[in-house]
Amino acid sequence: MRLIAETLAARRGEDLIFSNISFALGSGEAMVLTGRNGSGKSTLLRVVAGLIRPAKGRVDWVRSGAGALQLPGEVSHYLGHRNAMKPELTVAENLGFWRDFLGDMAGGAGLSAEEAAERVELPALLDLPFGYLSAGQQRRMAFAKLLVAHRPVWLLDEPTAALDAAAEALFARLIRAHLTAGGLVIAATHQPLDFEATQRLEMKGFQYAEMEEGI
Amino acid sequence: MTESLAITKFSDLANPTRFLALAARILPWLAAVTAALFAVGLYLAFTTQGDYQQGDTVRIMYVHVPAAWLSMMCYSVMALSAIGTLVWRHPLADVSHKAAAPLGAAFTLIALVTGSLWGRPMWGTWWVWDARLTSVFVLFLMYLGIIALNRAMDDPSRAARLSAVLILVGFVNIPIIKFSVNWWNTLHQPASVIRLGGPTIDGEFLRPLLVMALAFTLLFFTLHIMAIRNEIWRRRVATQRRMAARLAGRES
Amino acid sequence: MGIIMTALLLRDLKLSIRAGGGALIGVLFFMTVVAVIPFGVGPDLNLLARIGPAIVWIGALLAALLGLDRLFQTEREDGSLDLLLMQEHPLVLTVLVKCLAHWLANVLPLVIASPLLGLFMNMNEVGIGAVMLTLLVGSPALTFIGAVGAAVAVTLPRGGLLVSILVLPLCVPVLIFGVSASYAAVEDPAPFLPPFLILVAITMFFAVLGPLGAALALRNGGD
């Protein structure tokens, strides 16, 4: 299993956000995206997820067994700035829905909603409406969403923003467990997270020299 | 001295916990009296003579007229509560007009449906745009609008204040609506259409009607107190769930 | 696939029941729009009976478009739309199921309320039945067409009005055949079946085209 990106470039509107980004990530490897605000970390994650079409280059998901061709987005969990949970539904209903809707990919099985809540150490909150939870609790439950369905690739955009140290350590533990199980992680983050990043990509944003190459 | 005592009593009542205790004591009695009055009223309603012109359909009146009366009284209760919300900021007033709106809508619906059933043999159709019916129908739409507004907002105290404004604006508007509907109706209505109401009510009909009106009024207050109690409980459950979320966060 | 789509359908139904009473507002809007017509044209029962089917249909059309702009906007606001877009199962199917849930929760109540409004318009039993039947058959087309508008306007901050403006012209055929089938049922010389079958065909056509268009718009509207 490999996630390969070649000479990626992306635009938002008319502006070129970044260009000439290449990386290759194998099973059990993690990549951390760093860089100042506006350097294109979020955009890169959305490009990998298939939510933004790259202006140039391509992202591929290559599996050793010549199975059905899948897009990188289809084998990925994406945890964006927003939690993708409905405040009107209870936590259990939210997690149960995503468990049924996302479904497991071959090569792993998702946890039940109860187990996932156990993993993020908030089992008592399952029956409360999601909207009643504090911002930190909501973020942890959004993370539990990654556990209810198996996806080899995790795309995490500032996963620990607005979280305390304990929750940060918890997330790092869960990410390490995912890597040990052979998963891939790409995380954009400001705070250093406590897991072994095999690669580091510093996003520098777009440079003028590159514009002259004619992208 | 007496005045200050009255004020203390009043503000005691505004305390939700006191209200719940009081409601628990009053409700059984109120419900019993209501049931008794209904028994008497219905007995009278079915034993008195039918109208020589309308036959048994006249008995619909014993439900229709009290329901129509309540549709207006309920709005007045809501308007009073709305003033309570906006001027004195009573927490109970908020709950009161929110709880009354569905009741008002229900009684108005009963008035409309029974009116239509009553009118069917007289008019030969289920609905005519008679001035009185039309005004009640507009009132029904206003009730539903208030319910929808209440449901559309999460924050209960903000919802209470905004719907209180709507209720008061509506209250001021009711006479204007009534007047303009009458105007509109006489402008269009051909003289041949039979008007609702007919001859003045005979004493024979008046007795059961008064008993039924009283029974309906008490029914409204019974249901209103129950609805207020339920709303207080609902808010307490919501608060406790929020507390549970906060406590769970502290534990871990 | 069955489990996935059932889960989505159930979630959307639950949401529309719990969040803010959208169905209630739709029915209320429907009633209000139909109820103000007599104040304009006067309480002449014969005239009302004559224009009744058209008025009820127009009211239902406007009310059906009312909550449509929220169809994808709520999903986008909390980030769920990203996850809906990323999945392996066809997006067209996801959109179709969302349309179905929206129709069940918001438009079906309008169909159920329509006989009452038929009474207000002094229509006879056959006319009321015909309007209800044509609404039942034709209103899904409104939702499917509306889904395209909702998907196009998903990133706009005040998409609500725009969706109606975009979608109303596209709904004209549905209105034409819905109303003419209703009239055909009441007035003798015109046959009921041809316009009714065309209405059925329009609904089935848009059941395919609507979700396709909406899915295409969602894929291209990404940000």
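By written order: A, B and C. Residues from 1 in each chain.
Following the convention adopted for this analysis, a contact is a pair of C-beta atoms (placed from the backbone, for glycine too) under 8 Å apart; a residue touches a chain by one contact, two chains touch by 3 or more.
Worth saying up front: this structure is predicted, and the values here are computed from it rather than measured.
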Considering only which chains touch which, label the overall pattern as line, ring, star, complete or other. complete
Centrality ranking, top chain (CA atoms only): C
Quick one: which chain's Cα centre is the longest way from chain A's? B
What is the distance, in whole Å, between the centres of chain B and chain C, each centre taken as the mean of its C-alpha atoms? 33
Could you please state the distance in Å, as a whole number, between where the Cα atoms of chain A are centred and where those of chain C are centred? 37
Rounded Å distance between chain A and chain B, as computed from the means of their C-alpha atoms: 54
What residues of chain C sit close enough to touch chain B in their complex? 20-21, 24-25, 28, 31-32, 35, 38-39, 42-45, 48, 119-120, 122
Touching residues of chain A toward chain C in the complex: what are they? 12, 46, 49-53, 70-71, 73-74, 76, 78, 80-89, 93, 96-98, 100-103
Hey, which residues of chain B end up touching chain A in the complex? 154, 241-242, 244-246, 248-249, 251-252
Write out the stretch or stretches of chain C touching chain A in their complex. 3-4, 6-8, 10-11, 14-15, 18-19, 77-80, 82-83, 85-88, 222-223
For the complex, which residues does chain B have touching chain C? 116, 125-130, 134, 137-138, 141, 144-145, 147-148, 151-152, 184-185, 187-189
